[in-house]
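The following pair of complexes shares a single chain, chain A, combined with chain B in the former and chain C in the latter.
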Partner chain A sequence: MTATALPLPATEVGTKDRPESTRRAPRGENRAGWLFATPFLAFYIAFLIGPVLIGLVISLFNTTTVRAGLGEWAGLSNYADVLSNGDFWASMWHSVLFTLLTTPLLVLLPLAFAILVSRISRNQWFFRLAFFAPYVVPSAAVCLIFAFMYTPETGLITNAFGWFGLTAPDFFGSTSGAWFAVVLLTLWWTFGFNFILYTAAIQEISEEVYEAAKMDGASPWQQIRLITVPLLRPTMGLVLILQVLSSLKVFDQIYILLAGGPAYSTRPVIQYIFDTGFSSYRGGYAAAATMVYFVILVLVSAAWFLLRRRSNSANA
Partner chain B sequence: MATSVAVPTAEKKPARRRGGADEGGKAFNRLAATCVTLFALIWLVPFLWALITSLRPNDEIAAHPTTPWSNNWNLDAYRFAWNSSPLGWWYVNSFIISTLTVLFTVFVCSLAAFGLVHLNFRGKYAVFGLILAGLMLPTEALVLPQFMEFRALGLLGTYWAVILPSVALPVAVFVFHSFMKAIPVSLIEAARLDGAGWWRIYSRIAMPLSRPAISAVAILTFITSWNAFLWPLLVLTQTKSQTIPVGLSSLVGGAAIQYAETMASAVLGILPLLAVFLLLQRQIVQGVANTGIK
Partner chain C sequence: MSGFSRRQFLAAGGSVSLAVALSGCASPIGSSFTGSQPQTADVIFWHLFGGGDGANMATMVEDAQASSRRSVESTLLSWGNPYYTKLSLSASSGRPPDVSIAHLSRLPLLAQAELIEPVGDQFRAQGVTEDKFTPAAWEKATVGGTPYAVPIDTHPFVLFYNTELAEKAGLLDPSGDGLTPMRNSDDFVAALQAMKDTNGLDFAAVASITADPSTCWRFFLMIYSGLAGPIVSDGGTEVTIDRAAMEETFAFMQGLTQGQELMPRNATATTSTTLFSQGRVGFLFDGVWQIPTYRGVEGLEFNVVPFPALLGPDPVAYADSHALVIPRAAGRSAQRTEDAVGFIKGLLDLSAIWADGGHVPAWLPVQESEEFLELKPQSNYTEAAFNAIYDPPGWYTGAGSDFQTAMGSVIASVLTGATDPTSGVAAMETSLKTFSTARPPV
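Coming up: the complex of A and B.
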């Protein structure tokens, strides 16, 4: 085999044990490699890195969104304004609150149901269909349906409260009712995504482990508690971080269903940026808010990345 | 043998998870099945409710809001919904935008992945690190500077404004990367010896062998692109140039008495992707499982 003349499959790309200087790239390959990577890099730099830099620059000027041009230099005053603005922190808190309300539900409920479904050997397709189908529905359609079901007095969900002898909260008029409405909608809409991630992980667990446990007389509950759940821990970590990140980025449901109301009491950060940037036309200020929010999101995912690397190397 | 086939299914639980003598296990599984089935049926209620409502006349809905039956099923609401909003245009726009996004994303990301896996070029690890870092970029947070950029480029209101920002998708590169890594080096080496250029190897060997990756990336990109809301809302301001989600969102909170028409619009908005989902259920679920875990 003369395979060494060719690049090895890049299995250990990204680790430190194979510095690039040890192998000299042939000239033709060098050019071809860059040609293959260039289209991606061009899009990546233009439309992903570009906006970060543009946001950074604009946040230092008093730019307005209605006119072209940067406007006058503002230094760090936009940041000072953002960080001392009560509305900004209120909207930040709403995004965090939404995350705190949805994450436990969307990490644990799909786990429980994925485990229960895995114990049923028939009609798996039915559960996949029922749970995952909502995920492919556009947010606006979900909101149309739920807005109808939340209608005071005539809506299906409003009436469902009555069947259990409860009174439905005011879904559009009260803050707590609005949160309930938006959390329930989100649970229905995105449950299937996490359910599928868990189901895929459960299918990786070998059948023999369960057989052995049964030989030893383990009850179903013990099998779940002592085998399935511990083996799913890495997946739970993944689902947790994906859920936290996507919940922190909430916009669609709250904007379409409630418009951030009542009285801005549920408005998330993205809508705050949207309102200041596109309704009040304060581009520079909104860009500063964007950068603060951006840094928080990057820190959250970087923290998870580092934690995971540490736990991986601890296990290795 | 024939008699055992005719035995009611409840008696013949499949033997997959059945241990030696665990009656408790069987009872547990039956309880789990009941509980989960109930939950799944509840999950289908919003779909059915929208469908049922869209087929009932409005006065009947107003009189008996929670009755799931009608004495007068009809399709009037659909005709009205279709005529009162430019749904046809929204379908066309969504379809063109999603299809072009898929084509560009698959092409650009698979090219990059092929380069990273099979070619050894200077700076390769820097490129890899850059793409890896891209996984952490929250692009949804960047709509404002993105908007400024597209205004400067003069592309606001065009399909391109929606398509271009979603082409460079780091996750897609990693999906292709993990598939192309599995292609034996000897295969590529043999093609090299036969005088094939890198483009030929990419298009005739690597891509055909990465078909599962192509379908996973294509399907997921299509769904994401079809359902995108915030960015199309910002850049597509003409009613006729909007996509399905943006167009539908303008109907929320509108005329409160036209229940059937609103639900008919929702059903029409759900239909295309639900059809795709029903057709490609296995691939979609597989794709989500693969990309999510990567």
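Coming up: the complex of A and C.
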């Protein structure tokens, strides 16, 4: 930019000439900030950074889980073994398949229900509670309840198929039945979290926008389609990435309900890591598998971040 | 301001939790902080038995407590890998139970990882010595020359038959309460053929094949072991398949399901229970632990005998054993070890109760007792415990392991006819390679 007498737009002046002090907190405040963050940081280092570093180290050794010490040096051979292992990739695929099955349902259905609930004029609290309540039930309890309902012959869900003249799939004995069982359970159980995120975002939308639309003669359906949904797009993006990451981390439901069965056809990658690392004592190998999985999760997050940044700059 | 201030509340909360932590050293919660074994009873015992076996074990534990005045806390954990994972991790973190059940087929890994105590002098002092056990079981309890477990039973894979149908087919031994002696596979196939033809049955026999890799594996290893040695050796790192023997075994097994159609090729555990219970087949190939399943079936009279010699010269029984082990704990006192040994001895003496579940007691004083000899059909197949072949020793083999699942899946595809015997051998080799080439953890 050349030095001219032309006045620059106010905003640009502001950002350019902002004094140093407003960008950085004063020294004393900075120190206090770190002090307040110490309890969190201590836990973060002890239970997250520390274990990740330990995992990184033992992935390079032939470590036995049930023995002290690192064992002998293995170099990158654990990684080579993981990458060439069919069972690892099969379990990776199961985690991805679970994500593909659950994400669309858990992004779109809570959106639809959050919008519907927002249009109810009375006793909204009841619906919010009803949708959110299952989320606070522990996974083991949810799985036990659903295991009862999926029981062949006597289970509630098994019988419910009969009411419509359908035959229930074998929820524990067949792969497709097992996926159906675990996806339905997950939908019921985790629905509430996304629902609450959407509900919060809907409440953020200013009432005046709707009023203005009403004055212009917009029908309720037009209001939803042209105001609510577009204004919820950032939340949908957030829900999508949170859902993808949490679905990729699936373990509890599949482990407790199915133990990865039948014949490991639904075993997710975390259970594979658990099985090799703890049941077979192959600590080094399991640590290498964890690292591979970790890198994949980081790549997914990074890809989302880049896509979002591009779309944000395109919108600007 | 009335009531508590926030500061007071936090202080009160803090001192309460501190008091709990300090006073709780003897409680399980306290000991989990100090890293010592919880001491809620004289003997802490873990097992994996539900159903009828679980009820029998509960009776034995109760009787053992009553006769010794030793308190025992018994915990039932879920069967299979989860059980062994919990056992291993509790031992490696120094807080295991005092006594636990283990399958002998899972023993090599536990012993090599130094998670269990060898069976030492304290047992000898109580009279628990090698000469008082079924030799095959004691041998399997020995890893690298040291015994690590006290076997309580042998539970072999055996031949169930419907007494009524066998009588009509002329298969009953007139002199005793068994079948007419069979010397080899030809006699065996002839017996099955007679069962099918005389009674006009669709099938002579049934075994659970579909979605039951463990049963497939037991059936296979029994026949194969008549001809050849273990399929892996050197702790599982070396594949030692006898290709000709394996092909012959597969051909024989496929002959039963395909050629002569003596057995259904698609049978789940439910199918096989139904067919045998309703008298629609004359024979069932399954483990002795299924005896309680059929005992209560109305109108079904059955008996259980060991399999005859099939492809090899001598009869072989695929089997596994439940055993009692003392997981290693650095801080266990001499008194607790003594209680543990006493408790194990007590369970051995009570193992006639255990035999009710179909198991053959490994403790000879019980096995040779009048009480057991009168127990039918259990005492018919004591011989199978002596001819027992277990899973080959290795870090990945044993009851409920991935190895059994992988092997069983190949065997099932041979039995259903999807794979021919030659390709079956190749598939077994490929499948074994993933196990044998993985680096052993210990």
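Methods note: the second predicted complex is superposed on the first by the 263 of 316 C-alpha atoms of A that agree within 3 Å, B and C clash if a C-alpha of one lies under 4 Å from a C-alpha of the other, contacts with A are read in each partner's own complex, and residues count from 1 in each chain.
Everything that follows uses one rule, which is that a contact is a pair of C-beta atoms (placed from the backbone, for glycine too) under 8 Å apart; a residue touches a chain by one contact, two chains touch by 3 or more.
Small disclaimer: the values here were computed from a predicted structure and weren't measured.
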First, second, both or neither for A:F278, with chain B first and chain C second: both
Chain A residues touched by each partner, larger count belonging to chain B or chain C: B
First, second, both or neither for A:G50, with chain B first and chain C second: first
First (chain B), second (chain C), both or neither touched by A:L166: neither
First (chain B), second (chain C), both or neither touched by A:P138: first
Partner chain(s) touched by A:A263 [first = chain B, second = chain C, both, neither]: second
Interface residues of chain A shared between complexes with chain B and chain C: 65, 259, 278, 283
Of chain A, residues touching chain B in the complex: 1-3, 5-11, 13-14, 20, 23, 25-26, 29-37, 39-41, 43-44, 46-48, 50-52, 54-55, 58, 63, 65, 68, 113, 116-117, 119-122, 125-134, 136-149, 151, 153-156, 159, 188, 191, 193, 196-197, 199-201, 207, 210-211, 214-215, 219-221, 235, 238, 242, 245, 249, 251-252, 256-257, 259, 270, 273-274, 277-278, 283, 286-287, 290, 293-294, 297-298, 301-302, 305
Touch list for chain C against partner chain A, complex: 81-82, 84-85, 88-89, 91-92, 109, 113-115, 211, 213, 268, 395-396, 402, 405, 409, 434, 438-439, 441-442
Chain C partner contacts - residues on chain A that touch it in the complex: 62, 64-67, 74, 77, 81, 85-87, 173, 259, 262-264, 275, 278-283, 285
Residue ranges of chain B in contact with chain A within the complex: 14, 16-17, 19-20, 22, 24-25, 28-29, 32-33, 35-36, 39-41, 43-47, 49-50, 53, 61-62, 65-66, 107-109, 111-112, 114-125, 127-132, 134-149, 151-152, 164-165, 167-168, 170, 173, 177, 181-183, 185-186, 188-189, 192, 198, 202, 223, 226-227, 229-230, 234, 244-249, 251-253, 256, 259, 262-263, 265-266, 269-270, 273-274, 276-278, 281, 284-285, 288-290, 292-293
